[in-house]
Amino acid sequence: MIGIADVVIGLSLGSRLFLIAVGLSLIFGVLGVLNFAHGGFYMLGAYVTLAVISNVIDNFWIAAVVGALAVGVVGAAIEFSAIRRLYDRVDSDLDQLIVTFGFVLVIHETVRFIWGSGSYSIDPPDVFNFSVSLGGSTFNAYRLVAIGLAVAVLVGLWLFITRTYFGSLVRGTSSDREMAAMLGVDVPRLYTGVFFLGSVLAGLGGALSAPLQATSPALGDQVIITAFIVVVIGGFGSISGAFVGAMLIGMMQSLGPQFISSGSIAIPFLAMVIVLLLRPEGLFGGIGE
Amino acid sequence: METGDGDTGNKHNRNGDIERSSVIQSSVGRRRFLQAVGASTAVGVAGCSGGGGDSGPITLGAAYILSGFASLYGEEAERGIEFAKSRINENGGIDGRDVEVLVRDTEASGDTAIQQIRSLVQEDNVDGLFGLDSSGVAQAVAPQISQLQMPFMITHAATPFVTSPQGEHEDSVGNEYVFRDSNSLAQDIYGAARVAEELDATEWATIGPDYAFGYETWDYFQAYCDGLGVEAEFTAEQFPALATGDYTPYISSILDADPDAVLTPLWGADLTTFIGQAESAGWFDQIDHTLFSVGMGTDLPSDGSPIPEGEYASTRYDPFVPDTETNNSFREAYYEEYGTLPTYNAEGAYRALYLYKEAIESAGGTDPSALVDEFTGMEHSGPVGDYQFSETNQATVASIWGTVTYDDEWESNVLDPVNRYEAGPDVLSEALGDSDLPAGI
Amino acid sequence: MSATGIGGRVSQFGSAVAEGWTRERFGLIGAVALVLITFGPPFQVYLFTDFLVVALFALGFNLLYGYTGLLSFGHGLFYAGGAYGIAIVLRDLGPIIADIVGAGISPLVTFVVGGVVGLVLVVVVAVPVGWLSVRLEEIYFALITLAFGMLGYSLIIQDPAGLTNGTDGVIVLLGTVDLGGTSIRIGGRRLYYVISAVTVVAATYGVWRVVNSPFGTVCKAIRESPDRAGALGINVRHHRWMTFIISAAIVGIAGVLRAGLASVASPGLTHWSTSAIAVIATVIGGATYFYGPIVGAFIFLYIRWAISRFPTLEAYWELFFGVLLIAVVLFFKQGAVGGLYLLRDRLFGEGDIGGANGGGGGAFDAGSQVTTPPDEEAKSSNGDVRTDRGDNS
């Protein structure tokens, strides 16, 4: 029996996956970097948000924006100081993967150093912190907000990439970096900008998910592999693909426990293998689609 | 990295509180490190040093979860250790010798725990061992203990299979070196079935952690209900992984099955997270009774969502019952020191030190096999009450279940009313009926 | 190599040892060290065994990464395969084997059978997994191996066949051999160390032979330039597949040893974070050198152990390796072994010793050209403009 709550929960899980996967996908699509530390960014976003709420200002929305921007700055700094050095290497993509994996460890340990290894949880903002009963099942109203925000990000990002000048530069650079450089695009700055944007989205995902889950240092490691699955299924660089992939996995996570059977948690990985073998470019196209 | 990934075993040894200053500790570390380098370049080999002698302090080694989702258990145990240690040392120590405790982190991983315990025995030459929070870890550690030939007093991990002699059941790993001073899952869940007997509930479900402890809880509960003739149907079960972070899908799935009552052995931060998410999903409105089998161990130290009043929870030690001088003075002194009621983790660890004190003084030394002889069949008394070690090295403590009630005086949840179900070997074997599960006692 | 008689070989070896810091001298010192460690304090014996196992794990991994340029994030699958293979044999077949060969010797026979089963299991898994994975390259290869590793993790946890005991894993009890009144515990620290040391040295030698065979030369050609190798008529995909299988088998042997050492085969072994240990050890040690992963594993375990002795640092050892990993990739791609060579060159001057002992550490430099025999002087490749790693200092 699938209740309305199951669907809402699935979509809200998908929303949080989307926010992390879309940044990951964008960065890969434009820079060619598979950012292993993206899960760490997501976790960091949740922690900064919690810290701002408990130490600075007791307003969830302000704290979430601060959290997202702080992660963006961290991401841009990492791109600027480390990843940038690797673009010209022959096997740069593997070196980038290893370096970003190094940052997984650094972020994880830094968070543990500052906030400890316990877990934290907060309530959703008061306005939305009430239960909705629909068709016999109950869920928190904040989940609807989380879904709405994910859709807003999807639309906003799509408009940004397809309708703005910066977006056209991004698309151009992603398809031919040398040509873009020859046409006068400041590629290094554009790269830092895209990395910043992708990191902000991950941080925002972490911030918005903080009321829906326990925030602990393990959060990043748990979510990054799922985000990889989403990006592979949706297609590297595809915004709409990330959305569809995220919602698919979210629904699977929500409904899975009801139809538990041996091997069910293996299905996403099996799907990842099959898509990589048959359609390595993903089920959807590239940037801007 | 995540729980259970421990491949090569990390050694986050935390020094048991106040003893040995960090300066001394690090110089020891350096010396040993140089030895290691020496050994690897074939410059010779340093022998074991110190420890185990008849003078100087008695050193005990402890292994608890000090990091991750269940670190609050280790922190509670450390309090109990510190508390017992200062009390013992202020009152003449053990046979005139001070006691020191080295506390190490198991990270809730069997692999890590084994390496830590091996290091405690072989590097630090401890005189005795105690601790362990997780059943899975205890199950992996027990066979190692008999190889190390060092007594181990388990103070929290509850799997009955570590006090069920090897061979009794295919999972049994009990042996002469492994003891447990706290109650086991078999004892605890016996109490749960007794509670179930009284409740107006026929459809039962469970949501537990995805490892031995979660499954064993459910297996024993069904066996006891069968053995005691409780009218119960078992309609739904969910076993999310440890440190899941978001239980909503599992909660929703249980709610869809709409059972009358749920038994949950979730523990640590997982339990706190679960309670918060269950509340916002309307769990406590929809489900008549929820039984938290590890409830009070998490509820007291955690500052997250408390267990709602009126639900049932068990504990392995109750600060108010038995109403004895020992228990009352322990509770008062502990509260004065830490400002919270003692949890069962704290009490179990506290009692382990006193058990070692009694055994060492009675044996006149720290010879491991003499200590094992002392512990075997030992009668002892502590805050938890009077008990004896059974033939399988399990303490014959009671199963304690009660109704969660907020107490203004202590500013925390307590169990009131509370029931103690005697859970000795005969009672458990009978209640298990035809099941092939061992009583572990 | 002209001496054929044993006496001649011994005297040749002796003079080679006396001559200076030759390969023979290093070998002799290494062998003596391995023997001496047997008599060390128990914990050090244990730690060193741990190092040997991780070293073999990383060495097997690097056969693929260092020699064909394929970065696997899923080699934990084969590590776990070996471990579960022996663990399940010990649990389920122990009594049957005891019936056949008698109780006294059966633990030893079971151990050997378990090891062989573990290895066969790994190869059986690696053949199809490798065949599929080598269709992809670069980041896609890393992702598909990651997916295969996590697929294995999911299956072990969910245990559809009822073999792996879910999250708790399978306990490994090696047992005691009873022969005519004497009993020997296989899992005993020193005996297990000897078993591990012999196995690891033999496996390392095997890998070394593979690397220095014509097959290995082709692998290196592929790493340098898959396109050029393809143009030369090499079946790149087939070679990668074969290397994948050998690499997995070596990791499987390490997994078998791991199970006995840890006394448990746990699902965490196939989690990606375990696969990452091989990556960390290899990169820090120097992926372009044969001995890089071994040195990296040594650094990994002993630094971690040293950190653990300092209460204030203990909890943050991962931070240290994170920083080290970043620094090595960014600034010093040759890793620790490269650093040692650089140090040696600084100390002894560039030309003379380098020439005699380029292969002494078993090194082959990153830029070794297709035709360069591995034992030749490492520096011969410095002029190779296509060098993609290791030569930028």
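Here the chain labels run A, B and C in written order, and each chain numbers its own residues starting at 1.
One rule holds for everything that comes next: a residue touches a chain if its C-beta (ideal position, glycine included) is under 8 Å from a C-beta of that chain, and two chains touch if they have at least 3 such contacts.
Everything numeric in this text was worked out from a predicted model, so none of it was measured.
Student: Counting C-beta pairs in contact, which comes out ahead: B-C or A-B?
Tutor: Result of the comparison of A-B and B-C: B-C.
Student: Of all the other chains, whose mean CA position lies farthest from chain A?
Tutor: Most remote chain from chain A, centroid-wise, comes out as B.
Student: Could you give the separation in Å between the centres of chain A and chain C, each centre being the mean of its C-alpha atoms?
Tutor: That gives a centre separation of 35 Å.
Student: Could you work out how far the Cα centre of chain B sits from that of chain C, in whole Å?
Tutor: 38
Student: Chain A: which residues touch two or more other chains?
Tutor: 108, 112, 221
Student: Residues of chain B that contact two or more other chains, please.
Tutor: 1-2, 67, in rising order.
Student: Do you know which chain C residues sit against two or more other chains?
Tutor: Residues 157, 273, 276, 315, 318 of chain C touch two or more partner chains.
Student: So in the complex, the part of chain C that touches chain B is made up of which residues?
Tutor: Within the complex, chain C contacts chain B at residues 29, 32-33, 36-37, 39-44, 46-48, 50, 54, 79, 157, 166-169, 171, 173, 185, 187, 258, 262-264, 266-269, 271, 273-274, 276-277, 298, 300-302, 304-306, 308-312, 314-315, 317-318.
Student: Using the touch definition from the top, list the residues of chain A that touch chain C in their complex.
Tutor: Contacts found on chain A: 34, 82, 85-86, 89-91, 93-95, 97-99, 101-106, 108-110, 112-113, 221, 225, 228-229, 232, 262-266, 269-270, 272-273, 276-277, 280.
Student: Going by the contact rule set out above, which residues of chain B touch chain C in the complex?
Tutor: 1-2, 4-15, 22, 25-26, 28-30, 32-33, 35-37, 39-42, 44-48, 67, 109-111, 114-115, 118-119, 122-123, 136, 139-140, 143-144, 147, 173, 210-212, 215, 241-242
Student: Sort out for me which residues of chain C touch chain A in the complex.
Tutor: Touching chain A from chain C are residues 69, 71, 132, 135-136, 138-140, 142-144, 146-148, 150-151, 154-155, 157-160, 272-273, 276, 279, 283, 315-316, 318-319, 321-326, 329-330, 333, 386, 388-389.
Student: Can you tell me which positions in chain A touch chain B when the two form their complex?
Tutor: Spelled out, the residues of chain A in touch with chain B are 1, 3, 5-6, 9-10, 13, 108, 112, 116-119, 121, 129, 131, 133, 137-140, 212-216, 218-219, 221-222, 253-258, 260.
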